[in-house]
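These notes open a run of structures that come right after.
Look at the two complexes coming up: subunit A is in both, with subunit B in one and subunit C in the other.
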Partner chain A sequence: MSSALDLITRVRGVRGAMLVSADDGIVVAEQLMEGIKGGAVAALAASLAGRLRRAMEAAGTGTSVFWHLQAEQGALLVVPGANSPGDGGILVVAVTEPDVNIGLVRLELLRVAETVV
Partner chain B sequence: MSPQTRAVENWTLEPLTAFVREASVRLVLVLTPSGQVLAQSGFSRAVDVMSAAALAAAIVASTGELARQLQQPPFAALSHQGPKHGFFLATFASDRGTLAVLAVYDLDVSSLGLVQLFYEQLAADLKAASPKTTVPKQVLAADFERELTDSLNTLFGR
Partner chain C sequence: MADDIRALSAQLAQDPQSLVFLRLGEALRRKGQLDAALRVAMNGLERHPHLADAHDLYARILTDKRDYERAFDEWDMAVRIAPNHTGALKGLAFLYFKVGDLAQAESHLEAARKVEPDDPSIDQAITMMRAGASPSAPEPSPPPEPVAPPAPALDEARVFAGLEGANEGLLLIDGAGRVLGGALRDRSGADVTDAVAAYLAGVSQEAARTAKLLGLGAWNGLSAEGQQGNVHLGHPTPEALLLVVRERGIPLGRLAILAQRATAMARRWLERGT
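Entry: the complex of A and B
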């Protein structure tokens, strides 16, 4: 699993990547730069994923395949693996610099999601 | 302040209220390892508080003994998860002595990760807020029932 995360962390501008249990909000595997609170990111990202799933179901859009939260000093990118959350799925999470190549990170997140789920 | 959150010792109230709000837990008890309840949230009946406190204290004692037999320091936390609810029990040292926190959460609303995350904050806040100069009071059998009744009355606003 750690080697799967290499695919993401080797992209320039990625500060860390994690596999997170979608139901529990607990870190399954992580490669993070110092200063990133992995446990907190995992718990809150999983909580957000659950709420987003419900919002998207309510909106009739189906399940999300990728989300990107842009902030002033960075971004959070998440690909919910198949069946997640609600069925013991995995979230693939990346924490990045603000000027990262989002398309490339998204591609790698999707690849990792295919590999590990 | 949540109307369902009440404390026997007022310094526990603010950290507990924040924990309930942030972690979205359904029930919480802050208690001593002997089962004395300092604060509760979400319980509606005194008998439930008494049962939960007694059971939590028993779990703390039995896991502590297991750890002792394994020649390990006491376990920091215990988590059980069922199909709909999760249960989290952890202890930490404070100036008030060792305290235990029992939290029950709905899996639809919260998660183990969230509870663990905000429990760390709760433990830190309770440590910071706990009175520094309390002399342990001897519990006498004659006083026990009266103190228990007083505590339950406080916890349920009677």
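Entry: the complex of A and C
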């Protein structure tokens, strides 16, 4: 699983990547730069993913396949695995610098999601 | 009051998904019909399990029935969903006071005062508590509205006037998941405004906490790609949340630009206090 995360962290501007259990927000695997609180971020990412999934399903857009929290100094990018959350699935998560190539990270997240889920 | 209850019951029967159960449950509670109020609140909660106001209503009814333990759980849940829900914060303060935990009671009242500094009932409760008297059981923050015809389905004509696609897929909510403007329909045309708003309650605070924890500064927006559509969330104010929903063919980048415009309009609208 750690080697799968290499696909993400090798992209320039990625500060770390994690696999997170969608149901309980626990870290399954991580490669994070020092200073990032993986456990706490995982819990919040899983909670956000759950709310977003329910809202999107209610809105009729279907389950989310990728989401992206943009902030002043970076971003959190998440690809929910095929059967997550709410079904024991995995979230593939990346933390990035602000000037990262989002499209490239998205592709790598999707690739990792296919291999680990 | 009896006429109000009849009218609200009729509205709820007409549209069981609507949030009119909040006003009906509160009206029944005030009339002392606690069992009926409880049924209304429980049915509402089944349909809107992530709506902080529904947990708040249920907790108030349980408090009237002196079931303080379950009331605590419900207010606790309301605060988890919407951390700035003053009704729930006041409710928890009341229950902490009941068990003699004055520090926790005051801390919750102070938290409520931070959110609503102009609410005189909070100051009054703090004063009473410090004087050793029990603050009164909390009442809902906004008093129940008089019975009125259902709110117009689409408010965006006022909030988002002039914006591309202003009459579709735009929703503005407050931190507790209450709809401030806009409306949403799913692909079959069913009104899903309240359900989506309920699920999004607290998202703004959670996104802010996540960004802060990561050292990323303030969050600017959240884009999501769905199987049948894309969405973008912005926050015109720290508490409010704006949702833009578009079909999957609209790229996330273009959606973000549209959302920025809508967010600016919503911010101006909220600042005008209309």
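We take it that the second predicted complex is superposed on the first by the 117 of 117 C-alpha atoms of A that agree within 3 Å, B and C clash if a C-alpha of one lies under 4 Å from a C-alpha of the other, contacts with A are read in each partner's own complex, and residues count from 1 in each chain.
Here is the rule we use: a contact is a pair of C-beta atoms (placed from the backbone, for glycine too) under 8 Å apart; a residue touches a chain by one contact, two chains touch by 3 or more.
These figures come from a predicted structure and were not determined experimentally.
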| item | value |
| --- | --- |
| Contacts of A:Gly25 with subunit B and subunit C, given as first, second, both or neither | first |
| Which superposed partner A:Arg10 touches (first subunit B, second subunit C, both, neither) | neither |
| Which of subunit B and subunit C A:Thr63 touches, first, second, both or neither | second |
| Partner chain(s) touched by A:Ser47 [first = subunit B, second = subunit C, both, neither] | both |
| Contacts of A:Gln73 with subunit B and subunit C, given as first, second, both or neither | second |
| Larger contact residue set on subunit A - subunit B or subunit C | C |
| Touched partner set for A:Gly39, first subunit B, second subunit C, both or neither | first |
| Residues of subunit A at both interfaces, subunit B in one complex, subunit C in the other | 40, 44, 47 |
| Interface residues, subunit A side, partner subunit B - complex | 20-21, 23-26, 39-40, 42-44, 46-47, 50 |
| Subunit B to subunit A touching residues, read off their complex | 81, 107, 110-114, 116-117 |
| Sites on subunit C touched by subunit A in the complex | 50, 184-188, 192, 195-196, 199-200, 202-203, 206-207, 209-211, 213-231, 243, 245, 248, 252 |
| Residues of subunit A touching subunit C in the complex | 35-37, 40-41, 44-45, 47-48, 51-52, 54-56, 58-76, 95 |
